[in-house]
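Please read the structure below before turning to the comments.
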Amino acid sequence: MLLIRHFEEALVALHEQGHFSGHYHVYIGQEATGVPALADLAPDDALFATHRNHGHLLARGADPGRLFAEILGRRDGYNKGKGGTFHIAAAGLGFYHTTGIVGGNIPLATGAAYAAKTRGTGALSVCLFGDGAMEEGAAPEAFNIASLWKLPVLFLCENNGKYGANKAVGAAQSSTMAAYPLTELPGLYKIPAVQIDGTDVGAVFNAVSEATGRIRRGEGPQFIEAQSVRWPGSEGNWPVLPVATNVNLAWDASPVPESKRDWYRSSDPVLIFIRELVAAGVATREQIAEVEKSVKAEISQAVQFALASPFPEPAEALRDVFA
Amino acid sequence: MRQMAYFEAKLEALREIISADESVHFISDIGTGFLGLSEHRVRFGEIARDFPDRVIAPPISELAFCGLAIGAAMSGLRPVVDLITASFAFEAWPQIINEAANARYMSGGQTQAPVVFHLLHGLRGAGAAQHSQSPQAMLWNCPGLEIVLPASPRDVKGLLKTAVASNNPTVFIDHVLLFECMGDVSENDAAIPFGQAEIKRKGADVTVVATSYMVQRSLAVAEQLAKEGIDVEVVDPRTIVPLDFATIMASVEKTGRVVVVDECHMSCGVAAEIVARIAESGFDKLKAPMRRVATLDVPVPYSPPLEDFISPTEARIAQAIRATMN
Amino acid sequence: MLLIRHFEEALVALHEQGHFSGHYHVYIGQEATGVPALADLAPDDALFATHRNHGHLLARGADPGRLFAEILGRRDGYNKGKGGTFHIAAAGLGFYHTTGIVGGNIPLATGAAYAAKTRGTGALSVCLFGDGAMEEGAAPEAFNIASLWKLPVLFLCENNGKYGANKAVGAAQSSTMAAYPLTELPGLYKIPAVQIDGTDVGAVFNAVSEATGRIRRGEGPQFIEAQSVRWPGSEGNWPVLPVATNVNLAWDASPVPESKRDWYRSSDPVLIFIRELVAAGVATREQIAEVEKSVKAEISQAVQFALASPFPEPAEALRDVFA
Amino acid sequence: MRQMAYFEAKLEALREIISADESVHFISDIGTGFLGLSEHRVRFGEIARDFPDRVIAPPISELAFCGLAIGAAMSGLRPVVDLITASFAFEAWPQIINEAANARYMSGGQTQAPVVFHLLHGLRGAGAAQHSQSPQAMLWNCPGLEIVLPASPRDVKGLLKTAVASNNPTVFIDHVLLFECMGDVSENDAAIPFGQAEIKRKGADVTVVATSYMVQRSLAVAEQLAKEGIDVEVVDPRTIVPLDFATIMASVEKTGRVVVVDECHMSCGVAAEIVARIAESGFDKLKAPMRRVATLDVPVPYSPPLEDFISPTEARIAQAIRATMN
């Protein structure tokens, strides 16, 4: 989780320094969903992420250097610089295809599950998407098929809009959806669906283990809505850091500008987890600070790796269209 | 050599393909699969019966079932999806254009999606505006898709085999008016490689480049015009992605006269691209302006005489060929 | 209803005689839905039908001669022969656009409702579609918007698949749908939804009046699923008449071939209604036979009109692309 | 005459349009409407604030909200829908291609759908394969849609007005890289009729037909080449449906040399159609083979040097122009 946080924060800095220019999205605020959710999967499970994929890749063990390199468009990036931030694929980790089209991965993940089931591999497929994807017709269409054909797919909807736009109706959506809670839509298609606190590592781990267990026992698709509170750095179209995270914020959020302090104080999943670890006596503050130190060193090495990686030769653009 | 009807060759190919490779699945209506509204459509049911675990009928959810096929292809299957009427492929456009076509490239070559989308295109008679479309030009404008347009019994069989064996997403675009057409198909007919045009008729005076059902129509016109002393060469690219431009150019160099016949709407259609390429590379070989014969740029009308009026009919093909001779 | 029945039966004959060749769909078996449903609408309400539209047009008072002419591709057809059976439009009757794309009219009807609401015309919009359309993503997407924006639209789903393909799951769908009953999907989007017997004229009339009443009072979209049993003449891809309907079948179905007799005996909405009328003393058998006679005369005149109408001039094909 | 930035002219047009006609509704995100990711995007919020009943933000349901706009247009409104990135228009393809484009025709002229779809197309810098598409060629292959490609502050304002006033479905295809471009816009700028090409630069040696952002790029190249003694004429069709082919041909007759520059992928792109038309009608006027400069036929890569390599850059435009001079 700390690795993801520091990765994304370093990325914001790289963007501000002009090392890459396009639109991008960070996973800050959702670390407690991705990390425990992907902790327990099998090596041949397939994963389909979205524009907000960096955290998923890292949670699955991706090399931060090659991730940075991809986002910087460099030759050593996972996709040779061809995919970029929206499309990071790492087939070796089960990320075959990452889409920038909202809802686009829901049919694809359902298809990977169809392959797993009919080939009898015992693998499952995980579809990671935001609450916004529930507004696309692709979602109910794919839920229907996944349910009818009892496909081994976990739909993991990261609703980062808790207390969001639709607060008025008491729901937790980042945008306009009459069907809430979001679990009702898959539920309608007879897909077991639960809503959980996506900032609670234990809750996520348990819900995902339970769901994947059911899937592997042949019970068909499962749906989890993991709620989190939108990180205040993503209010504009480009991420802006309210503060550089360090583990001490877990006990003293005063370095955060007041208007954004609340989030760090009560909704930041990384800081919540740190407090939990310390409270449970699993680690001391000092140990955690040590971990952070080594994470930061790893990130800074990874940044160096990426910056040192050359841009691909221009003619590389002509390769990989067809087999 | 066996004489065989086109639809029989197609069915034979489907059966051989699903028999030969466990990873092939047909995602298709059982009652009409791959044969649209033709009277033979129920014949697909025999294959479905013999491979019940690998022929599956989806709900009316083109976007999702095409996406499903793409995702399954990424995970090791070779799904063949029947979209029936080509117009329904628009429902799945986001998956075909944004996902399938880009998957290999965006991933830097890590991922492949060997899926086949099967469509029936074109003016089929009273299909009106929403059941007569020819999306091959739109698809050609989207790099990353192989596009196949068979026009004879031998080709439909050989190209279907290559399509399923291909490691790329392939759009297999058929035409219901070809189904009764007869032709030679050898017992052990081999797959036909993509990117190999076939000279369907040798001729010295005019090169006609035609695709799909327009190949048959152009051949009929060529016979007619032979009586007028015009010797037409009919070149069938068979696949437009990849395109065997060398064979086309060799014919153009020989004849110096070009007509391109294609059933897409005229503007930005398949004929536009072929004419543009020849204009760029073969300008000095041309003895006369090239001509395009395509569906006129209006939505397809329902009433037969109106449909006929906008269609690339034999009369319009003949007229275009004659025009290049002046 | 008799007019629709005899219209469609005459159409099947015209097709068999080769007067038109394309694929087509008839409304036989659903007459008791369309007729009462459209009986009570206002002149400026908008209607959006599908490939199975003939009955809707007739129920709204369309001229059978011009309908036949359209289906035969003639100049006097409602659309000058340009639309044909799938696309019959009659703007004067509120049918602006009839689509052949399953699910395609659901967003369109929602849009007409948006126009009615924002222009304050007091009109509503009626969307007529089959159960199959519920499988297309267009349906939930449009339901969501219609609900959020409280649009004056009646979604009238004609489920002609009662005891159909999905009998196994106890549902009434013509095809594969995990979400049943069909009323649950709009219900999820907070659209009031009822399931009714679409072969019961009174039930349809009451349900539609109630729904349109609510819509006109500003309560937003409403959904009705009208169930009917698939006519056995539509088992193949082209309609085939098991029998030529005449009102006497209401009392004696023996002229129907045995394998198809059941439908005429218990599920034919026209014959059901005739028996009701007689039982209620509203009409005698003889009066109904008289009505049928005049309907048949009207239909045969309409057929003559259509056959006498010339085909459009070929160059007509170039008109009406743009304003 | 006022000098004005392109995005300002566009905002001014939007405000004037919604002020002038009660039946205009904007279906659009409030925070970014019509300006995509440009830094000025929040400026649309001012309009939204002033017309709260006629600017409405839809869910992420492109298919439904485009269909909604079409249906509303059939019932008397003039909706303008912002699809943001052009690639998202594929989600609405069934409604745009099958419903909007065919409505008038299928109904035999009874129904009209005066809707405007607004898209931002093209290579915008690191948009990668799914956020860089140029769907205008696909759309041109679908009769029934007007297609507008503005390239200057005056044009964006004048053409937007005509688009909304038009009784046909219109696709308004803009380019975010034009937004900072400055130009003259008169206070009471009139609507610019569709189907009137503009000679953006007069020249005697080579005709460059360019659209959208490629007009600005071609103008820059023309200035460069003037120093080499090559006098380039830049013709901007401004709308491709309807197309002012007469103005293009008049220029071709004068120069005898043609380069077509367009940001669609090459095959079946806009440049293909324009080259094909000239090949058919202007064959005897040509002194050299025509050249196309378009996006190369590969998905759009993310990395800047790769994106640049496949893009219709100034260097490639200049090279193509020089080639026609030999």
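So that you can tell them apart, the chains are marked A, B, C and D in the order they are listed, and the count of residues begins at 1 in each.
Throughout what follows, contacts are C-beta pairs under 8 Å (C-beta built on N, C-alpha and C of every residue); 3 or more make two chains touch, one makes a residue touch a chain.
Bear in mind that the values here come from a model prediction, so they are computed numbers and not experimental data.
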item: Reference chain D; chain at largest CA-centroid distance; value: C
item: Between C-D and B-C, the pair joined by more C-beta contacts; value: C-D
item: Distance from the mean Cα position of chain C to that of chain A, given in whole angstrom; value: 47
item: Whole-Å gap between the CA centroids of chain B and chain D; value: 30
item: Distance between the centres, which are taken as Cα means, of chain C and chain B, whole angstrom; value: 36
item: Geometric centre distance via CA averages, chain D-chain C, whole Å; value: 41
item: Chain D, residues touching no fewer than two other chains; value: 58-59, 61, 63-64, 87, 91, 94, 98, 102, 105-106, 128-130, 143-144, 297-299, 301
item: Multi-partner residues of chain A (each touching 2 or more other chains); value: 77, 79-83, 87, 99, 101, 135-138, 141, 144, 148, 176-177, 321
item: Residues of chain D defined as touching chain A within the complex; value: 32, 37, 41, 57-64, 87-88, 91, 125-131, 296-299, 301-310
item: List of chain D residues in touch with chain C within their complex; value: 23, 25, 53-54, 56, 58-59, 61, 63-77, 79, 94-95, 98-99, 102-113, 143-144, 146, 166-168, 242
item: Touching residues (chain side chain B, partner chain D) in the complex; value: 87, 90-91, 93-94, 97-98, 101-102, 105-106, 128-130, 133, 137-138, 140-144, 241, 264-265, 267-273, 275-276, 278-281, 283-284, 286, 288-292, 297-299, 301-302
item: For the chain A and chain C complex, residues of the former touching the latter; value: 135-141, 143-144, 147-148, 176-179, 184-185, 188-190
item: Chain D partner contacts - residues on chain A that touch it in the complex; value: 20-23, 73-74, 77, 79-87, 99-103, 132-133, 135-137, 175-177, 237, 311-318, 321
